[in-house]
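In the two complexes below, chain A is the common chain; its partner is chain B in one and chain C in the other.
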Partner chain A sequence: MNKRRLLKALSYTVPIVILLIVPLYIKQPYVLHVLIMMGVNIVLASSLRFIATSGQFSLGHAGMVSIGAYTSALLVMRLGLSFWGALPLAGLAAMGIAFLAGYPFVRLKGIYFTMVTLFFTEVIKLTGEEWRGLTGGVAGIIAIPRPNAIIVPGLLNLGFTSKADFYYLALTLVVVTLVLLYAIESSRIGMTFLSIKQSEPLSESVGVNTSRFRVLAFSIGCFFAGLDGAFYSHYLSAVAPASFGFLLSIYVFIYMVVGGMQKFSGPIVGAILLTLVPELSRGAKEYEPFTFAGILLLVIFFLRGGVVSLPERLSKIIKKEVWLRLKSAG
Partner chain B sequence: MLAQNLLNGLMAGWIYILVALGLTLVLSIVGIVQLAHGEIYMVGAYIVYYFCVSAGLNFFLSLLISILCVGFLGVILEKFFLRPFRDDVEGAIISTIALILILQTAIVAIAGVSYKDIPSPIQGVVKVFGAVLSWERLITILVSIVLVSALLIFITKTKIGQAMVAVSEDRVAAALQGINVNRVSSVAMFLGCALAAAAGGLTGAIFDVTPFIGGFALMKGIEVIILGGLGSIPGAIIGGLILGFIDGLVTPLLSVQLAGIIGLVVIILILLFRPQGLLGHE
Partner chain C sequence: MTKNFGGLAAVTELDFNVSEGEMVGLIGPNGAGKTTVFNLITGFLRPTRGKVLFKGKDVTNRKTHFITKTGIVRTFQATTLFSDFSVLKNIIAACYLKSRVNFWEALLHTPGSHKKEETVLARAFKIMHFVGLDAFKDQSARSLPHGHRRILGIAISMAADPQLLLLDEPLSGMNAEEVDRAVALIRKVWERGTTVLLIEHNMRAAMNLCQRIIVLEMGRKIAEGTPEEVKTNKRVIQAYLGTGKHAA
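== the complex of A and B ==
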């Protein structure tokens, strides 16, 4: 291994090690809760961006989260399945539904696809309210059990009775999600998505089955939303149709845009920063959307690439400034 | 009972038509799906409430004031929030989402989240062949029909209306013929927002007004224009009536949720066989 690769490996390991030892030093449940919510939002925003890499905007993420949440809660409570079995099944359920719904609708392009995903969330919410026998209606499901304990004698003791254990689970979820999404995005499939985004007719003309790939991107993105929903329902131990509404889809969209859609790191940065906004403005909860709207408008008018494009923009401005100074100096 | 349900369906249908026509005007002329259209509807209802209840004006006068105020609000919003993102789907989604948050929070800050009630303009019922029909619902239908007819006459008979048709067909060609596209966009947004305000005010006289009624109106509006065909005015009228009757007839028989599900499933099925909607064209 040469020096550069070693450095690169280190640059990934160090933050993860720091994140791993955080609960040893920070004991306040509130801080851990905020960190867990960051994790949940990172997964949502990154998977939404993944769908967007193929040129589609989904406002249906909240629906997918709720499918995951209900699937996992019901599998555990009705069929007595272990949480660890239910978690991937919840992801697969969201993926399957996204696949079935996505196939007929990929012929709708651009904004029309976005609107259909919006309907879809609404159908899921209404079904949750109506099908009382299964979902508990408007009240939802309460007392969802904690994930089953993982105990490896002398090494690991996760009983999921404390926030710290959930923190580790959330961290694992984030790392696994990001690694998988990154791997797919930099593979040949990811390149195909990008080509569809840039020009659908051109991709078609070189033999890409664009509708198949668009459904694939949508389904994979929804898989992670479903996983996230399962985690969320067991973490909060309750789920109701109203917990995942239109506003959640909008917020996830905002995380992605504010962070920056062009880069993989964008939604991560966006989710981290914007999860802090409601926590910092606790006193004025009802005005919180104002803050979000303000940030959104700043980004759309002045910083189209999102927060992650800021260093690049700044260095460009500085370079220009230096160049002008040099020029004027002679 | 059936007659009353039919009347409720008809009323819901005409309200959906008012909302959907506004959306479709903005979509075909400005080229943007105005996601904050529901919030415009909500603001319209609140303005009627303030003029009607706080200032004590007549309901119809308040409705007229609201229509004009919201129309001009729309012109301002179009200039600053929609026009910069005309050919930019991503930017348009983001800026209209920001508008949703701003308008909703502003109304929460001004009026609070409690339910507001606009007194109905005319009390009482009328008996037709033994069926008991309430006047307020009949008036709502009547006013809606008058407004939609006025819009149709405006589009077909006036010069600016014809310019709107031209811009919706082909913006560049229209501009080359000397049509001021920006002015036409302002007019379209004025009309669209005015119709939404009318729908909001009329509904507000029958149901409660809260800052969160916009989401429902937007959903119904989008459903109607997708069902009827994007950019088609007759399509929006037919689509609105179909959805209105589904909501009016299914809700009392089964439940609100099932009415919503059935409406959406009908749209999804129609889209599968006719992606351009009932009366739309590619």
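== the complex of A and C ==
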């Protein structure tokens, strides 16, 4: 029993330790950049799946990232807030808007909910383009300051002048997000989300205020999208509406589905794999949506459970094969 | 109480009451509006006119989850379950009202929430035992045979702790043996002190179970009384068998 516990503890700590020492060995900024983008996408895909556990497919994530990105950039540049204060506020801003929009949104079910979240993303994008006084219009905001340095003498020295420092920040963001999402999902609240997904009328019948829970799932998911947006804007030091169109929402959705929606690990794996796609096909940037769509279709047709269901599928096939061989051998 | 769908009158000026401790049957030919009545009582539909009173309180136009909290719980005609969950988990999920903890308690697994989870688990086991589904504890609801699925539906509604239980055709699609078991279960639930309002097409079972029967036709109440009275009521016989004129 104790051994098992030890193994379990190791299975969490070993990858984290490896991830912590990565920048000591990998110095190429490009590789670190790709790893950081993986982190950004993991947070988005996982929080999108979190919303989906209550039976709702949102395409509002790009809008929420945008709200987080602009909120944080403006708070820091206009009001002189520290990045560390602006970061949670950016998450809360996205969450607050998700909460307010959520009540009318959740009156719609299934595909209608999804459509209205898609329009939401477009409305936020248009707002960014047109509200020039606040957002800088199509050009967006540039020269967003980097996060304030964290210096603990002898222990920590993060000045955010190097990619490695941003890498650590992204890693922290990913770990915090995943731990919180996992904790909620495995709690009573997560179970109620799942029961709503399976049957809203029955959940309502046993006393669940389904609207409230659907808004809760939506708001929490959007909180993390907002955090992610804040990180993203300070990392790239620029934001523009064009980066937060509905294509981003669709991509995040594809990360989730390709990785596998049934498992917590699905969107993590999906985000890691698919972040590599644009990097591997740099020369064919304009064909990127085709590549993503193709991968999505392949997964939907041939691997319903996503990439994370592959080991299970393979072991089933192998078992069947072995059984057939044994049978034919007598 | 009246319910119109557009110009169509689904339920017209229906008025009836169920007293505490009673078992009342609601019968009528297909399309008579029986399920609509359930939907109106439990807040899935809003009446065009009229009121639903429960224990003297007006619950008309309230949301379903609120009505459940006041003590009216329904089952569904089509077997509606949490299909991906196991039998036990279905009942645990249905114990929602008994296991409510606030967000932070649930998230942090405080001792308080832990204790609550334990009492809920014990309660779920009790209900599972009461309906006789122990043997299927870990089986997913989807894979259960039809009769057991319907029983699980009743178990789920019991978990919500009803004072008034609305059963929508609990016996439909069951074989004779399953019907006997389900009838015994419904009687057992009623004997525990739960008031029951029952929609049923199986006449023998309905007559057998209920003290009082209400007959609907085309959204109107055409008869009400003891099973004996209803059985011999002319209009009821007409509704079910036709007037004879057309049949000839």
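Keep in mind that, in the parts below, the second predicted complex is superposed on the first by the 329 of 330 C-alpha atoms of A that agree within 3 Å, B and C clash if a C-alpha of one lies under 4 Å from a C-alpha of the other, contacts with A are read in each partner's own complex, and residues count from 1 in each chain.
The rule we apply is simple: contacts are C-beta pairs under 8 Å (C-beta built on N, C-alpha and C of every residue); 3 or more make two chains touch, one makes a residue touch a chain.
Remember, it's a predicted structure, so these values are computed and weren't measured experimentally.
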| item | value |
| --- | --- |
| Superposed model, chain A: greater residue contact from chain B or chain C | B |
| Which of chain B and chain C A:153 touches, first, second, both or neither | neither |
| First, second, both or neither for A:15, with chain B first and chain C second | neither |
| Partner chain in contact with A:286 - chain B first, chain C second, else both or neither | first |
| Partner chain in contact with A:311 - chain B first, chain C second, else both or neither | neither |
| Partner chain in contact with A:118 - chain B first, chain C second, else both or neither | first |
| First (chain B), second (chain C), both or neither touched by A:126 | first |
| Touching both chain B and chain C, residues of chain A | none |
| Footprint of chain B on chain A - complex, ascending | 57, 104-105, 107-108, 110-112, 114-116, 118-119, 122-123, 126-127, 129-130, 246, 250, 253-254, 257, 261, 286-287, 289-290, 292-293, 296-297, 299-301, 304 |
| Chain A residues within the chain C interface of the complex | 183-184, 187-189, 191-192, 194-195, 198-199, 201-210, 216 |
| Touching residues (chain side chain C, partner chain A) in the complex | 42, 44, 63-65, 68-69, 73-74, 76, 80-85, 89, 92-97, 99, 101, 103, 106-107, 109, 113, 117, 156-157, 159-160 |
| Chain A-facing residues of chain B, complex | 33, 84-85, 89-95, 97-102, 104-105, 108-109, 113, 215, 219, 222-223, 226, 230, 255, 257-258, 260-261, 264-265, 267-268, 271-272, 275 |
